[in-house]
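Look for chain A in each of the two complexes below; its partner is chain B in the first and chain C in the second.
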Partner chain A sequence: MTTDTSTKSPEAAAVPPSGAASDKRVQTGHKRLLTRRDRLTLGLMAGLPTILHVALVWVTALASIALAFTTWDGIGFDAIKWVGLENFKQLFNDNPQFWPAVQHNVIWFVVLILIPTPLGLFLAVQLDKKIRFSRVYQTAFFLPVVLSMAVIGFVWQLVYNPDTGLINSLIGANEPGKYIDWIGDPDLNLWAILIAASWRHAGYMMILYLAGLKGVDPALREASALDGAGEWQTFKNVIFPTLRPTNTIVLVVTIIEALRAFDLVFVFNKGAEGTELLSILVTNNIIGESSRIGYGSAIAVVLLVISLVVIIPYLVATFRKERRA
Partner chain B sequence: MHHTSPSGLSLPSPSRRTLLRGVGGAAVLGAGIPLLSACGGGGTASDPKTVTVGSNASDAVPKKAFADIYAAFKKESGLTVDVNTKDHNTFQEQINSYLQGTPDDVFNWFAGYRMQFFAAKGLATPIDDVWKTIEGNFPDAMKGLSKGEDGKYYFVPLYTYPWALFYRKSVFQEKGYEVPTTWDDFVALCKQMQKDKLVPIAFGDKDAWPALGTFDQINFRANGYDFHVELMAGKASWTDAKVRKAFDLWAEILPYHQEGATGRTWQDAAQTLASKKAGMYLLGTFVGQQFTNEADREDLDFFAFPEIDPAYGQDTVEAPTDGFMLSKAPKNKAGAVQLLEYLGSPAAEEIYLKSDPNVVAASTKADTSAYSPLQKKAYEMISGAKSLTQFMDRDSRPDFTSTVMQPALQKFIRDPKGIDSLLSSIERQKKTIFASS
Partner chain C sequence: MSTSVMTKVRPPVRPARILLHVFLAGAALAWLAPLLWAIYAALRPYGETSEKGYVSLPDTLNLDNFINAFTQSDMSHYFVNTLLIAVPAVLLTLFLSSMVAFYVSRFDFRVNLFLLLVFTAGNLLPQQVIITPLYRLYLLVDLPGITMSGKLYDSALGLVLIHVAFQSGFCAFVLSNYMKMLPHELTEAALVDGASVWRLYWQITLPLCKPAMAALATLLSIWIYNDFFWALVLISTGENMPITSALNNLSGQYFTDPNLIAAGALITTVPVLIVYFLLQRQFVGGLTLGANKG
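For the complex of A and B:
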């Protein structure tokens, strides 16, 4: 299967340039092939998405970067005032929520990569063994991924509610003196939310790894079995190395999840002390009356820079590999 | 190497897209707001027989109450009111873009700084002519609340409700407690309640705004209305010794507040009062919504926050007031003025109060005979007040209260010892926010 794709794609990539470069006859042939209607359709199909993409992604992203150096309450364009780096200075020096937010985004990523990701891999390996009811388990583990983050936040809030929640009711910690405040206590709440996030993320990782495992050539397993390798050895030395592309996807997906973490926390406790996240700071500063759009944009730019720092090395590596292929 | 094409080709696009979606989303919110405003207003009403109203009354009870008012208005004037109702919170979040776009003629809003802000930005029309007709219906405190910084009227109040300490009469009777009127009595009562295994003061600050109310009460009792207003307006300093004193007083009663407040909603806190596990609860009269049982409701009573400094006594009442404003370029101004005059009349207020028993009329002319004892008490408290405040997030800049004060007070509740650094941090952030625009 894998050899198939690799032989096909160079061919597919090689054909158009050679065809276009060959001679004029082909070009006139192209013209005749495309009626005016075809060209119109093509123009629309390529043009509309381009316009939408430029307007909704590039223009807005660049506008956001520009706004980060201004102060604006969102009322009238003439109210935009250039302040240079003032927003960033305030952010780095005066905002008591900023550095905790950066830290929490990092913790979010580290926890997701260390706990639910290996767990998802473990579940995928187990489910790949064609055990009985595998479909049922698969559905059960994947279900949280299907639920919206807001719903997950709501469900876990019921579990963690300090007065009436499941945990405190079970362990009797909902009385004065023995109180455990899962949602409000800044030493606990981030971890409480991360359990909820991991619960979902494990299912997501499981599906990704399961798809990867299905693509592993059974001949490899047979060969290693014939060589007398045990289950763990087979996994460690044969299966896991073939999962490399899946691991790349997993890494990127997890980074994205960590950077865009928002809805779960917002529903859980609106990013109160202990659970501040960059995305929540952006929202709090921009949405609402007399909003601080410049300041909020500055936070968004910080988020963008962090994303770029993480994503650019990955893109560079990928493109380099492609060129080599 | 074989795998570069499946993973390499498919990945860059989703990852980049998702990454930009985050940033782009923020930018859409920023740059796109003026564009979005086109979604606002009614847009159909050049018809002289129709007045459009933008409403935030999305809950069933107030929605019905307003509909009744508009029906009565139609009977009287022959003008149809076209209501454009939006979800309460969404309305607030979009108010900026809504008012800049094509807003309805008349819209629901709040008295105080929040009203003055939009008046000063030229997003509302002064309504001095309306007030010529309705002036006699309102006490002076309400008139003050309805004026912009330029001294012109911009607001017609409809109803109001006080913040106070709520308690259950049966609990006070059974344990022989007396309503405290001074700070020392109050602290003594808290101590006694703690001995009696009650939570002295129920408290839930998960939504971060209830603590603002506690600060308001302590601050204007200890430092007076004038200082409170200066502080809210960003003029007085948060590092002032007076503010420090207010926080020290708060720290004194903090141990008597319900534990784990930052994880609890006000509804859950109200339940501890309803179930007689807590002795008192500082909140607005809307706490009554949580007393669904009729008998419990009748057992509910309240008293004004105790006196701290005899110079100020209990002269200030926190009474958030809701009402209406006229947008910047109403399509049917004559009709809108007629509607506002009607909304400022006792008749309109009486219709509203019939369906919402947790608030009282802003007008002194409205008939009080149908009031419940609780409403009567609330009414007396407000009409007897020397000064009225709105609530921190209505008296001060909303961006300051939501991004600075709410997290700061949550922090204080958890760790009252860090007050000095907290106050200087508040002051630093206040300066930059109030300096901008």
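For the complex of A and C:
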């Protein structure tokens, strides 16, 4: 990975400290010259942000991995005890919430990719047709994306509330005996929340696809129309294939969103039965009453492993393409 | 130009177009329905809705719920908390990430790809992956006299730091892509003329990055304003919470009726909506700036 860049980057090794020598270098080659002070400045410019980022994000992520194999009460470092795979064994075998949580995270992803994502693409294609009021429509569909997930949770509670909510009021299910408990019923609540999540996700996807469609060469469309292709055929055979880079991003964003899902569920019902998620289990382990650091970390490691399976191939592909460009 | 020519030039209004408009208008309205419903509930007094039901025509519509929600729970205090966290966090994120971007895009040191990879990957991790050790770390770091709590935990400083660390990944990625598009001769020439690296960054590169910085600033402001999770875990005193996370406590403590909760929730959306409507182009631009590059 570094062989290519090193040939173009001789500064680190080749810049001599004295001014005279470096002057000569400029004349002989195209190499940039940096004084010692410049190199110090550069070191600080790259170093300080990196230290902050690595310390708070990567060191803690590694600490999660290390702590997952221990038990610790959080008081004093000598209380940390190595327990091997014990936390994971307990998690996989004895935790009644773990497998439902994994399942719900998977459902979250499947629903997002199957319903709001195609819907966002559909809306983007329609809005890309140079129609009037396109901006107005875009603003409406995109509005939920700028709201916080917490607010979205509150707004949708007004829709789902069994007593006072919009749905039950409309269908007459807000009387005792006929209650439909959208938030409490473990068979219903995940789907109710997913509707709220999809509400936001579709707008997000629409914007990503709109940007992708802007990059499609209009000549392609014209050529296809001249060939007598219909709207659907043009989309299927010409437009959609050129959206490949956008599709990759959409896929990655959707997976990450499904793994990060937290706020909405927490506001709704704190991840009670029916809506457990991995992120909720980790958090409950911290702010809940019985804080088990090693155990909580083990759940985080599961989340980390799933994330990296997605993140690493995506980034490797992205950066490889960038280097070629 | 005669009217007959005009009608020929303008494409005929096709039924399909009208159908499309009907569909889009209907869908847009349906999209806004939950928000409109919340606004409707917030405008009505609790007494009336509990008597007549929520699906009913209003007798009174007023702003009482909004006023009560704002004053009863001292919302202005939480808005100030948010401001004290978001403003330094946005500025610091842009400052630090632009330096990293400058470094990796202008000086092809060996580490640049690796560095960018570290930053970008870090930004994609779910927050919960790092929260357990981070929470412990924040409890362990003693800062007597610097923060109110004497620790990183339960302090605005702690929140600013994690926002900066987390968000700088995305910003560094976007800005470095932006800077790579600037002509290399620009900095090359200045360097030969004896300009210092700092000048290259501060006086030559940064001013050219204004569009990207503006887009990112808009995006970051909304993201940090909307953050719920970091404050929920890393702040213990309700008083120190920023507005979005405080909403969760307020809805339990102060607000007893749904109309008041609706009003409170809607009040918290006002700042983001203002930013969104004023700077929509920037926001959308920022969002797709990062995405388009992949």
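Note that the second predicted complex is superposed on the first by the 271 of 325 C-alpha atoms of A that agree within 3 Å, B and C clash if a C-alpha of one lies under 4 Å from a C-alpha of the other, contacts with A are read in each partner's own complex, and residues count from 1 in each chain.
Operating definition for what follows: contacts are C-beta pairs under 8 Å (C-beta built on N, C-alpha and C of every residue); 3 or more make two chains touch, one makes a residue touch a chain.
These numbers were taken from a predicted model, which means no experiment stands behind them.
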Considering only the touch criterion stated at the top, classify A:L166 as touching first (chain B), second (chain C), both, or neither. second
Most chain A residues touched (candidates chain B, chain C): C
Using the touch definition from the top, say if A:G84 reaches chain B (first), chain C (second), both or neither. neither
Should A:I293 be classified as contacting the first partner (chain B), the second (chain C), both, or neither? both
So, A:R260: does it touch chain B (first), chain C (second), both, or neither? both
I'd like to know which partner A:I75 touches here: chain B for first, chain C for second, both or neither. first
Tell me which partner A:F154 touches in the superposition: chain B (first), chain C (second), both or neither. second
According to the stated criteria, A:L56 is in contact with first (chain B), second (chain C), both, or neither; which is it? both
Kindly classify A:P218 by the partners it touches after superposition: chain B alone (first), chain C alone (second), both, or neither? neither
For A:L123, select first, second, both or neither according to whether it touches chain B, chain C, the two together, or no partner. second
Take the contacts of chain A with chain B and those with chain C, and give the residues found in both. 2, 5-6, 9, 56-57, 59-61, 63-64, 67, 74, 161, 164, 245-246, 248-249, 252, 256, 259-260, 279, 282, 285-287, 293, 296-297, 300-301, 303-304, 307, 311, 314-315, 318, 322
Contact residues on chain B for chain A in the complex? 1-9, 11-12, 15-24, 26-34, 92-93, 95-97, 100, 114, 117, 121, 123, 199, 205-208, 258-264, 268, 271-272, 397-399, 402-403, 407-408, 410-411, 414, 425, 428-429, 432-433, 436-437
Flag every residue of chain C that touches chain A in the complex, lowest number first. 17, 20-21, 23-25, 27-29, 31-32, 34-35, 37-38, 41, 49, 53-55, 96-97, 99-100, 102-104, 107-110, 112-122, 124-137, 139, 161-162, 164-166, 168-169, 172, 188, 191-192, 196-198, 201, 222, 225-229, 232-233, 244-245, 247-248, 251, 258, 261-262, 265, 268-269, 272-273, 275-277, 280, 283-284, 287-288, 291-294
The answer for chain A against chain B in the complex is residues 2-3, 5-6, 9, 56-57, 59-65, 67, 71-77, 79, 81, 83, 86, 90, 94-97, 160-164, 176-177, 179-186, 189, 244-246, 248-249, 252, 256, 259-260, 269-270, 272-273, 279, 282, 284-294, 296-297, 300-301, 303-304, 307-308, 311, 314-315, 318, 321-322, 325
Which residues of chain A touch chain C in the complex? 1-2, 5-6, 8-9, 11-12, 26, 32-35, 37-39, 41-42, 45-46, 48-50, 52-61, 63-64, 67, 74, 123, 126-127, 129, 131-133, 136-137, 139-144, 146-151, 154-159, 161, 164-166, 169-170, 174, 199, 203, 207-208, 210-212, 215, 245-246, 248-249, 252-253, 256, 259-260, 262-263, 266-267, 278-279, 282-283, 285-287, 293, 296-297, 300-301, 303-304, 307, 311-312, 314-315, 318-319, 322-323
